[in-house]
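For reference, chains read A, B, C, D, E and F in written order, and residue numbers begin at 1 within each chain.
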Amino acid sequence: MTTRTLRGRRAILDVHARGKPIGDDANLDVLARRTPGFSGADLANMANEAALLAARRGRKRIGMSEFDEAIERVIAGPQRKSRILSPKERELTAYHEGGHALLGKLLPQANPPHKVTILPRGMALGYVIALPQEDKYTVTQSEILANITVMLGGRVAEEIVFGEITTGAANDFENATDLARKMVTEFGMSDKLGPLALGTKHGPVFLGRDLFESQNYSDEIAYEIDKEVRRIIDECYSRARAVLTEHKETLDRIAKALLERESLQSDELDTLVAGQLLRPDLPALASSAPSLEQITVTPGSA
Amino acid sequence: MTTRTLRGRRAILDVHARGKPIGDDANLDVLARRTPGFSGADLANMANEAALLAARRGRKRIGMSEFDEAIERVIAGPQRKSRILSPKERELTAYHEGGHALLGKLLPQANPPHKVTILPRGMALGYVIALPQEDKYTVTQSEILANITVMLGGRVAEEIVFGEITTGAANDFENATDLARKMVTEFGMSDKLGPLALGTKHGPVFLGRDLFESQNYSDEIAYEIDKEVRRIIDECYSRARAVLTEHKETLDRIAKALLERESLQSDELDTLVAGQLLRPDLPALASSAPSLEQITVTPGSA
Amino acid sequence: MTTRTLRGRRAILDVHARGKPIGDDANLDVLARRTPGFSGADLANMANEAALLAARRGRKRIGMSEFDEAIERVIAGPQRKSRILSPKERELTAYHEGGHALLGKLLPQANPPHKVTILPRGMALGYVIALPQEDKYTVTQSEILANITVMLGGRVAEEIVFGEITTGAANDFENATDLARKMVTEFGMSDKLGPLALGTKHGPVFLGRDLFESQNYSDEIAYEIDKEVRRIIDECYSRARAVLTEHKETLDRIAKALLERESLQSDELDTLVAGQLLRPDLPALASSAPSLEQITVTPGSA
Amino acid sequence: MTTRTLRGRRAILDVHARGKPIGDDANLDVLARRTPGFSGADLANMANEAALLAARRGRKRIGMSEFDEAIERVIAGPQRKSRILSPKERELTAYHEGGHALLGKLLPQANPPHKVTILPRGMALGYVIALPQEDKYTVTQSEILANITVMLGGRVAEEIVFGEITTGAANDFENATDLARKMVTEFGMSDKLGPLALGTKHGPVFLGRDLFESQNYSDEIAYEIDKEVRRIIDECYSRARAVLTEHKETLDRIAKALLERESLQSDELDTLVAGQLLRPDLPALASSAPSLEQITVTPGSA
Amino acid sequence: MTTRTLRGRRAILDVHARGKPIGDDANLDVLARRTPGFSGADLANMANEAALLAARRGRKRIGMSEFDEAIERVIAGPQRKSRILSPKERELTAYHEGGHALLGKLLPQANPPHKVTILPRGMALGYVIALPQEDKYTVTQSEILANITVMLGGRVAEEIVFGEITTGAANDFENATDLARKMVTEFGMSDKLGPLALGTKHGPVFLGRDLFESQNYSDEIAYEIDKEVRRIIDECYSRARAVLTEHKETLDRIAKALLERESLQSDELDTLVAGQLLRPDLPALASSAPSLEQITVTPGSA
Amino acid sequence: MTTRTLRGRRAILDVHARGKPIGDDANLDVLARRTPGFSGADLANMANEAALLAARRGRKRIGMSEFDEAIERVIAGPQRKSRILSPKERELTAYHEGGHALLGKLLPQANPPHKVTILPRGMALGYVIALPQEDKYTVTQSEILANITVMLGGRVAEEIVFGEITTGAANDFENATDLARKMVTEFGMSDKLGPLALGTKHGPVFLGRDLFESQNYSDEIAYEIDKEVRRIIDECYSRARAVLTEHKETLDRIAKALLERESLQSDELDTLVAGQLLRPDLPALASSAPSLEQITVTPGSA
């Protein structure tokens, strides 16, 4: 059974649910839809985490809230309640994550954000969980470009709002550069380089594939690739900048809401993007948040 | 006994057929003709798969349909019925595979397509099975160019029909680039580089031959090679584009038929290319299809 | 428990304090604040060193002075009382370390110096202990630039005062160059190179990550990186030169005080920077000092 | 005893002949002359093969025909009777091998062809056996150039006759390029590069000598070498083209005779080159032939 | 106890002296001053050698002469009395070593020569022992330049006196080039390259640090480094040439004295440099001398 | 005991002579003088070979002729009497070796030839044994240039006499190129590159020193080195050509004498160079000769 399909994940979840006291509000179909990109081991892991959480919370049945928490643990590691951020770093994190989330909402071809938070998990001070709209096996050029733009949105928000940039976007750059490079060298999506594969994938694996993969073209072509990667990143950066500048007020609203509530769900983001206010809510716990990250769960090749 | 000859494969099939209940419609001569490029292990594997399939289907004898299914399994892996593609991805796959198949029919020197399908198998969302017209030991320059053109046909179809390109052609580019590079560096088929071997084959094998093979020429020659590979790919791409643009209506007919029936045999493709309609058929099962692939079975060195 | 937070370090210190006779003047909260960047092993090490020192000094309880000495031992190794520097080298060391310390005080975004000394420890003839103002997880561009400037201040002081340069700044150059290179290749802080990651971090680890990391861009980009790193270093060097030239008299005062007292605390530096004289003090022991070093304790990624 | 001399081979053959029933027509002196380049193991192998063949053929004594067949087996592997070539590939093979053979006859300094055949052996669809005229230890520049020209004759024949080129010459290009490269880098036979050794032979052998050998000169020299190798190959190619174009009728005669008889001996080639017809012969068996190859047996360093 | 300080070496010598019959003329303080750069093992070795020498010479106590001989043995290996140089090689060696020694005396910032000899030791035909004036931990730019100039003085003397150069300076060039390269890449002493570290020292150590250290800059910077190293060497060479040409007569006096006496102490060199004659001495033994070398004992980083 | 000195070799020979029946004509002092460059193992080997030869020849004592034959065996391997060269190859060998020998006699600074022969040994068709005039530890620039010129003399003779060149000089080119490269990169003997060491010798030894040695300079310097090596080789080649062209008649005399007598001693060469005839001699055995080689025995660093 493959986890690449909704049906496959549902079947695996059925197996793990057997003999466990599942709460009435817990819906395995919904869980299968929320876990694209999970391996079989991830699903097993998630089911066990949920059971443990329910036990720790003294509940008789595993509810949807335990499953949701378990999904995030599998993706981003356990929460780190002990981290106390300075007010300035908290604000920076809120704008950084807000930048990712807002672009995810505004760019129609990006993976839509499911949740954004400035509650630290693992090594991250905050993160966005974004899911593709459906189980997909191929990704289009415009989807890749939109996702790169979203990745660059964190740094752009820092720049627009604070006029100062930080080390917090290093990971975003790695992901964005990697994707742009694949567009040029694997997906044949650069007119400059043409519909070629540059660097063979099926080469001998010894010191890891990456090492020798990149060596079957000349230095001139290496430079052409570098320039194309740069052009793609620059264009996506400009787009991120244009969109976030235009929607600066929405960005402020999202950052403010994040500082107040620490996490926002997809529908709350929609409300803020629509220019409306969130319903008054229970005030969030005064919690802290570590480094800046955007987590995108994309199935398959991109 | 070698499997490189028809006679050799027939002899091996005789061995594997012994003691097995072969159906009256199963013809070992035909099987030998359908399996160029198979190793002895592949043939043994195929014979066993066919017996298993017959058993699973509750049949007393192994019929031609079991052998045919077994051949595809050996080439492309088991069918993946659980994959449910979105309508958009299914259409994209139909045009991508249709592009390969139509060029395979229209270019006289390409390996003619035996079957095209959008039923997923292994990692592929769809594929074309193409066989060379006869057992051949050498391949001509025009045959290689035609096959490269066919490989690029999937991406070209995406571009012409949807005006949008996807990651689905990455594998095609690898195969096409590899073949173009061999034309230049091994087969002496570039006037620019001349009748030379660039990169020795008989070098020391340590981290795999590919690694060090490519290092016995200067960076200037490496760049010349890159430019020639690019030129070959570009010319084949233009040709694919010209042919598919001219036969856009046939491409539409093939894609439509694939969406209805999921698989097309060589004669059905001929009917569609001739501008005629297919006989009404039993409607295909509502099935799903994964990534885009073209499988070419070519014996020998190319 | 993580040592990246104040709270985490405090908790670990509690564990190590158990059963040990802690003096009344020793404050674990203060110790936690003085040990950012320490690992759990460092904290354990520090607690044991403090206990040993107290025993050696014939004290019944571990006082704050033992803890302070233990912290420096963990950072910079044991004191080397046997080294006798020539007067010229002692003066050179005083100006070199004074240059670091003065810039650390004058540049608002640099990590402020906690202590400066020309008492040799480990391989260093002298050193500065500088701590970031708070537990931080991200570092801004201006903070990095200020810290590079501080690192270059040792050499600049040599040049301004003696008109002669020495080998003593080699280590400073390594740290400064490393930080400047990261600005360009990891933190996306060069307009020339753009918001890209140059050299993937997640590559195969075989001979250590550094080896192959740097090879996924062309030589042209390698040269662009070199030029940007040079530009950053040059600008920081000019800034260090301008600031130290302007405050030459303060630098003289600090160097003179170091030659007299061997070590200066943060508040003594403040007094000297304010143009005032230090209170007469017990004359320091006639001690010697080895090579020139600036020790910056920065938590996290920079 | 060395096999590099006629006398040495004769002595070794004496040893292997002991106790074996040698036929009256078998002449060990002639065998020694036909086996330059053989190692001691090759000679032992050849003697055993001959004995086996005689046994299989039900003969009491090992005749010269068994020895001759055994020599070819050692050089080119066993005959492959099961390969059935298409008429087009057979014709192509006949012209390809005919091109090698005719140039071997017409160029006075080339190793003269002893036999040419389109009966497949091992991986080859056909081959030429060429022997140097005498046991030689040094090779002159004109001899090397003539042998390169012969190697390129197969491709040239394809081009002249069919106006289409194939993958069948890949092996010829490797041998010709290797020889041309040695002229430039080892034998000091390029005025452009001078009487130098480029790439040391006595370097450390670790991953095989070739790997590191080529690295002790600059990229500029690497490019000079590449251009010289190209010039040599081009001049030899032009010469092959000129000679075969001028003697196109002889080439046709040889190809026709090969298609009829499958193999031609040296004297039959002479007859055809002289413009005469071959004596009517027993018609050759309708046999098949695989890939295109020229086997040159050269003793020693070239 | 460290050997990097005078006090440390004295303490170690005390340990090794215990229980040994030390002569009245042997002064451990002087010995400690003569052994900068010695490791603990070197000191132990030296003490044992001195004891053995005294035994071999039938003395009851270890005198200063045994200790002096032992120090040289540790530095340069045992004397090689069996080497008989031709008169021409002896003269060449006298001028080569004389060139080193004279520059060491005339350049105020060079390590002053303690002794010069043409008595062969180990692989060297002759050598100079030069000690820094005091225990030092940092080295200035002018000191490094002076030491490079001294290193080149051997070759310069050959050139000035004989108009012919030999292979005897190969080792000097290695040391001088290494030091010049460190000025540029580690000590930030080139205006052209700036105050940077080029090649990280803390990289992964696998095949030794040197291998991968040098690869984190572009080829353009590599060339800049090469040109700067060349410039430094050229300037030092010119300086050596100017000084030795001006003091040619002193050089002649030193060479002549070396040929007569084989070894010269620091004060004898001073006498010759001052233009005076040496006191008539016991004629040196007719001894022989091997290759040309200058031994500089420098503590620490340079 | 070292073999680098005459005295050392004499002492070792004494050891090996003990208990062996040495003939009256055998002089150990002469043997020591004839074996510069021999290791201790070589001397032991030589003594044993001489004893074996005497036994084989049925002699009671080991005479000087056995020692002389043993020396050559150690240098060049056993004689190969079975090789029968064609008259053309024999003549070529005579001129090739004659070229080496004549230049060795005419260039005053070359190692003078001790013997020249066209009797094959080991892999060589002929060879020259050349000894330096005395035990030397340094080599001058003019001596190296003279020796390179001698090495190139074999090819030059081929070219002048036959107007045709062969593969027989490959080994000479390797030796000459290696020596020229050392002049430029180790001995500081190129004005273009300066008195530098290019490629450190003390680097990590892993895959052998040569591999990584050559990598610490830029490609521009690598090209400069290549050009200088080429210039040196070209100048030596021109010199060889000029000298041999001028003394063509002497070369003819030497070649003729070699063809008649197969070997010539130093004094016979002198006679021929002086334009006189050799005394009628016992005609040499009709013997054969393999490939072309010049063996130079040089002690030490060059």
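Definition applied: a residue touches a chain if its C-beta (ideal position, glycine included) is under 8 Å from a C-beta of that chain, and two chains touch if they have at least 3 such contacts.
Note that the coordinates shown come from a computational prediction; the quantities given were computed from them, not determined experimentally.
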{"item": "Same vs different contact residues, chain D with chain F, by half of numbers used", "value": "different"}
{"item": "Chain centre separation in whole Å, for chain D relative to chain C (CA means)", "value": "73"}
{"item": "Computed distance of Cα centres, chain E from chain C, in Å", "value": "36"}
{"item": "Mean-CA-position distance for chain E and chain D (Å)", "value": "63"}
{"item": "Of all residues in chain B, the ones touching two or more other chains", "value": "207, 219"}
{"item": "Topology of the chain contact graph, where touching chains are joined (line, ring, star, complete, other)", "value": "ring"}
{"item": "Circular arrangement of chains, read from chain B onward through chain D", "value": "B, D, F, E, C, A"}
{"item": "Footprint of chain A on chain B - complex, ascending", "value": "80, 82-86, 89, 92, 125, 152, 155, 164-170, 173-174, 176-178, 181, 207-211, 214, 219, 222-223, 225-226, 229-230, 233-234, 237, 290-292"}
{"item": "Chain E residues touching chain C - in the complex, by the definition given at the top", "value": "1-2, 4-8, 134-142, 144, 186-189, 194-198, 200-204, 206-207, 212, 215-221, 300-302"}
